[in-house]
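So, here's a batch of structures to check.
Below are two complexes that have chain A in common, paired first with chain B and then with chain C.
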Partner chain A sequence: MNVSDLSAPPRGRGLLIPLLLALLVFVGLPAMLAGFDRGYFYQIANLALIFILLSASMHLVTGVAGLLHLGHAAFYGVGAYTAALLSTKFGLGFTVTLPLSGVVAALIAFLVALPTMRLVSIYFAVATLAIGQMLYLVMLNWVEFTKGPNGIIVTKGLELFGFSLSGRLATYYTVATVVALCVLAIGRLSHSYYGNALRSIREDDQCADAMGVSTARLKMEAFTLSAFFAGVAGSLWAHMTGYISPGDFKFSESILILAMVVVGGLGSLPGAVIGALLLILLPEGLRAFGDFRNIMVGLVMFLSILLLPKGLLGEVSALQLARRQLGAAWRNTVKGEGIGWR
Partner chain B sequence: MTALKTASLAALMTAALAGTTLAADTVKIGYQLPLTGETAQYGQDFRKAAEIALTEFNAAGKPFKAEIVFEDSRSDAKEGTNIARKFVDDKAIVGVLGDFTSGVSMASAQVYKDAGMPQLSQTASHPDYTKISKYQFRNIATQAQEGPYNAKWMLSKGYKNIAVIAEQTDWGQSVVSGFTDGVKANGGTVVFSEFFNRGLKDYRSLISKLERAKPDAIYTGFFYEDGAQFLRQVQQLGIKTPVYSTSAAYSPKLIELAGEAAEGVHLTSNFLPTDPAPHIQHFVTEWKAASNGAVPGQFPAQAYDAVRIMLAAVEKAYPNPTREKVRDALAETKDFAGVTGKTSFSADREAEKELVKVEVKGGAFVPVAD
Partner chain C sequence: MIDPYYLQQLAIGLSLGMTYALMAIGFTLIFGVLNVVNFAHGEVYTLGAFAGLVLISATAPPIFAVIFIALAIGAMAGFSLERIAFKPFRRFTDEASLKSRAMRESTLLSSLAVSIVVREALEIVFGSQMRSVPFEYLINTPVRIGPVILVTGDFIIFGVAAAMLIGLQYLLTRTRIGLSIRAVSNNPLGAKYVGIDTDRTIIMTFVVGSMMGAAAGILTGLYYGAIFPAMGFVPGIKAFVAMVMGGLSSIPGAVICALILGISESMATTFVSSGWSDMVAYGFLILTLIFFPNGLFGARRERV
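Entry: the complex of A and B
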């Protein structure tokens, strides 16, 4: 590799794209939404944002650390149920339930991760599948606690320290802010030495182990962190829709999130975002085609995997984008030589 | 000359356009239902039933034409709420039908509640559904009504110790609670109750567990797919305990799939395709024509009536129907003569239905006196 390739990007250039993205999400899109003034568009925008967070959080485990996770929706569910139960049983508001949902999901993930983290490849996948099913069945069958299939009506909407944020635009801004902050954190985790350590596990865990990387610990951290963000997404969903039931968190949702990550590009955070956008917006956009829309969505997924097996925005290009355009966690020596991650 | 031609053509076209808008004063209704996915068979039936009702309405020379916008929810709460927002945005839509499952109906209801859109579900049976707001209606007998009715029926037959099983859904929960309350209030005992997950393939362990409680009869809450599976396995195990069920199992497919094993099953219903009343026979004929001669079950009949109740409410609110006017008209529905019997909405927007006792005899549902 040529050293000049690694040199730091000029400071201004590194901020241009993040600035444009922030403008798009916090000024452009809301302006468009307010212009159309259709509840449907707001709803889709919020839903897409929630799934961006789910897909980004799964990207950390499945994309970066390379662990096939088949039970992600269950942690999304744990978050949603935590929010719903805290708000209906103890009257707590969104401000409190949001972080707590993440914490509870992370805690449960940590506990189930303890015995499973030594498993590799397909064995790990099956273990997460079982964890997902177990949590789903708890939500479904522990009727006294979760109200089982009856679901829970969440009467409290979005708010910040008692200040209601349930208007259309306020809801959008709340969801967008939470998701943006979380994606930023996930970006910081995956575009760093830490992310590189996780990638080393994916590429060759034995080698990484021999080099002194604590693979079991890192896997556990990635798994727990990803559950935290999924839990946060669950809290957003619970307070936004006002009614949750176990059906929202079944196995097919895990597969949907997995498909977002894979179609977007395994290991690529921008890819995970694009994948989520595609798989939420496409089925809605194709409503006019009636019963054929599922076939069309399937076809698009099939073709994108066939023609772009690395995803719509593959990992290599995504990392280059992050390094050159987003200026993410890239450090230079005093001489101006890049020593950052790649 | 050409200018004149263009002008006259334009005039003609405007006239034609004006003509169509005048003739076709259309009122739109939304229908959210699962047209694809795991529960698509129900949604497809509802659409078929709705289309029969709609064609009839539009052919009846009413002052306006009705149009139904069908949207596929896949029985998914995400999609259901998306559709709800879409319907609410469409100012021309004055009322909504659906969804199929209680879960999706209730998630969507949160949107309709805020928007003031009347929602009439043909199947949502969750006890809290109509409590969400004054805009939620349903055209299905709840288990709070059917459970005690069936309990009295079974007790009158001398079955004192009854086992109850039901699917693990909100509906199954209400089957067990509604029935258990009825049994206790009338001096019987529920000796066993358990839930199973929908789509279970092997009921044998459940059946043998149930038989250990030595019940006089078994009361079941299932739909026809699970019901057929259960009944076949009861027969295979050689168990002769009588089986009773709810109107949800009332589908010709139950007999088709279970065959011999369905013989002797007792259940309630409020729709009898064999009833000679002309409006019922009309629906049955239309349905058969649209589905290769198959006989309609309970759910399509409920959907057909739900659509007609909604259209009647719109007609009542006409001219200039608004969502609020349609809601009020729906609430006033009294003794609506549908194929599922006479329907009235109570003050809390529950459908009050008359139930009929039915037994499977010789491969058909036969009404029985007791």
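Entry: the complex of A and C
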């Protein structure tokens, strides 16, 4: 059996699962939401989508690159505050603030990453914790700029080049489209040679360094990219809810996002999505029994570390899934071109 | 002549630094034996404070009984914490898995998870609002020394903390259990080979460290008169900063850095509003990590 046989799975199956998922998100769920027609369900659906994006961006830095990030919510907050301040002070709309929030969050991440990126393991975790807390303190205490604990009311809703998208269904579709595109981008980043380079840093960064992988640069890129996606999520949140306050971006939110990634399985993108769904929908489902949201987060996280150390959908099975799905697009060397996914 | 105001801030900073030092010792001891960070240490602090509060509202005991019960609860909390969050992840005891990253990160995450559960459980039982300590237990009667006005709490905190530090020093250098703690933190596998019960030693370390954390909790609670479920978070981070500044495994280093941190924080409140004073600790942490990655007093490490 030669190499080309190994890497050429039967065609045709490759698009089935993504197609089904897209159908569910863009046709099935909206139909259900429209059927129930209750604002509460729309809110939960949008919240779950935003946390899917946050958890997927955390997956890139913590799961794939193996950097324990304890300040992710702060970059989410930076995105939300950028969107809110740009729209209240300069009257900019969602179309402009969405990319700008991502860029500002990424810029701040890049600046803080410059000195801290050579730290490893627990030192890195502590540094991100401190950075997250510093950003949180700025949001809380710089009252003239961020309005402090009172928060900011964002009057501009979602819109696209001037067309208002602030109806319930339109909001859902906008959030879903942005999140789907971002998750797709993260998927391509983490299931590629680029993702494999990040994984090599996670497994043994000294060895990867010796093999010619530029570890410091890749770590920095992963950190900055994940902050970009977190910033985009923050902008969605600010325009969707119309009100933000520092309480939405404190340490416990970072832990919630971390718990999603851990419960789903470190290093697995489908796992991160499942973890986000579980930790958003489960507490909402249990709301009837009282406010157990945070204690559930802790319990689910503890039990999953204890009983399912690899997560609900672990990395190996996720990689196999990705290989089957993307395998249809795999090319071995064709007339001098390199191998890889197209 | 120094303005008496600064002397006063210095004294307040010293007693604040002493509570951080008590917390930081717990972190340092546990990091020493297990090479992992115990993220639930802040919750031990909170539990100590709440134990004292419950005792005060149930009966009207003398203040030493309050501190004693906080210590007892701290010891119990440390014991159960080790059993619940750390023991299950020590299934493999060979050297490779003791040093493996996966194990260290899973205990880190499990202690984080336990700390969330404890904090939220306290919030469900006691409510998330601040509970005030009865007036007669507050340790803030003013004491005048020359031009400086201090409160009794400064002396009590300083005294209790100093006594505990001396006790710890005695325990570590003069008793068998202290010897085994030092042995395990030096080389866990070697300690096992010469017949030390490492499991028991680890439990003892948690008990001792958590007693100090709980004492810090009740003392701070009586000093400020406010006890609430999230109170352990900020001191936990400060103590952690002190530990990192001190070089992770050095107890004197952690104590000195905790004092530096306490003093610079109380001095900082002179110039900026108190909301910003937490920035001092985070700033110190980042600066230490960048410029002195081995800590100010730590031994050399291969990589940080």
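Here is the rule we use: the second predicted complex is superposed on the first by the 309 of 342 C-alpha atoms of A that agree within 3 Å, B and C clash if a C-alpha of one lies under 4 Å from a C-alpha of the other, contacts with A are read in each partner's own complex, and residues count from 1 in each chain.
Keep in mind that, in the parts below, a residue touches a chain if its C-beta (ideal position, glycine included) is under 8 Å from a C-beta of that chain, and two chains touch if they have at least 3 such contacts.
Quantities reported herein were computed from a predicted structural model and do not represent experimental measurements.
*Asks:* With chain A superposed, do chain B and chain C clash or fit?
*Replies:* clash
*Asks:* Taking the superposition as given, does A:Arg38 touch the first partner, chain B, the second, chain C, both, or neither?
*Replies:* After superposing on A, A:Arg38 lies in contact with chain B but is clear of chain C.
*Asks:* Examine A:Val262 and indicate which partner it touches, taking first as chain B and second as chain C; both and neither are also allowed.
*Replies:* Only chain C; A:Val262 stays clear of chain B.
*Asks:* For A:Leu119, is the partner it touches chain B (first), chain C (second), both, or none of the two (neither)?
*Replies:* second
*Asks:* Applying the document's definition of touching, compare chain B and chain C: which contacts more of chain A?
*Replies:* If we count touched residues of chain A for both partners, the winner is C.
*Asks:* Which partner does A:Thr241 reach: the first (chain B), the second (chain C), both, or neither?
*Replies:* After superposing on A, A:Thr241 lies in contact with chain B but is clear of chain C.
*Asks:* Considering only the touch criterion stated at the top, classify A:Phe302 as touching first (chain B), second (chain C), both, or neither.
*Replies:* second
*Asks:* Please work out whether A:Leu129 is in contact with chain B alone, chain C alone, both, or neither, and reply first, second, both or neither.
*Replies:* The second partner, chain C, only.
*Asks:* Does the superposition put A:Asn294 against chain B (first), chain C (second), both, or neither?
*Replies:* So A:Asn294 meets both chain B and chain C here.
*Asks:* On the A-aligned overlay, A:Phe90 touches which partner chain: chain B = first, chain C = second, or both, or neither?
*Replies:* neither
*Asks:* Which chain A residues contact chain B in one complex and chain C in the other?
*Replies:* Touching chain B and chain C on chain A: residues 140-141, 290, 294.
*Asks:* Hey, which residues of chain A end up touching chain B in the complex?
*Replies:* Touching chain B: residues 38-40, 42-44, 47, 140-141, 143, 148-151, 153, 241-245, 247-248, 283-284, 287, 290-291, 293-294 of chain A.
*Asks:* Using the touch rule from the top, collect the residues of chain A that touch chain C in their complex.
*Replies:* So the residues of chain A in touch with chain C come to 68, 115-116, 119-123, 125-127, 129-131, 133-134, 137, 140-141, 251-252, 255, 258-259, 262, 290, 292, 294-295, 297-299, 301-302, 305-306, 309.
*Asks:* Write out the stretch or stretches of chain C touching chain A in their complex.
*Replies:* 37, 85, 88, 101, 104-106, 108-110, 112-117, 119-121, 124, 233, 237, 240-241, 244, 273, 275-276, 278-279, 282-283, 285-286, 289-290, 293, 303-304
*Asks:* Write out the stretch or stretches of chain B touching chain A in their complex.
*Replies:* So the residues of chain B in touch with chain A come to 35-36, 70-72, 75-79, 81-82, 85-86, 88-89, 101, 103, 106-107, 109-111, 115, 126-128, 132, 168-173, 195, 197.
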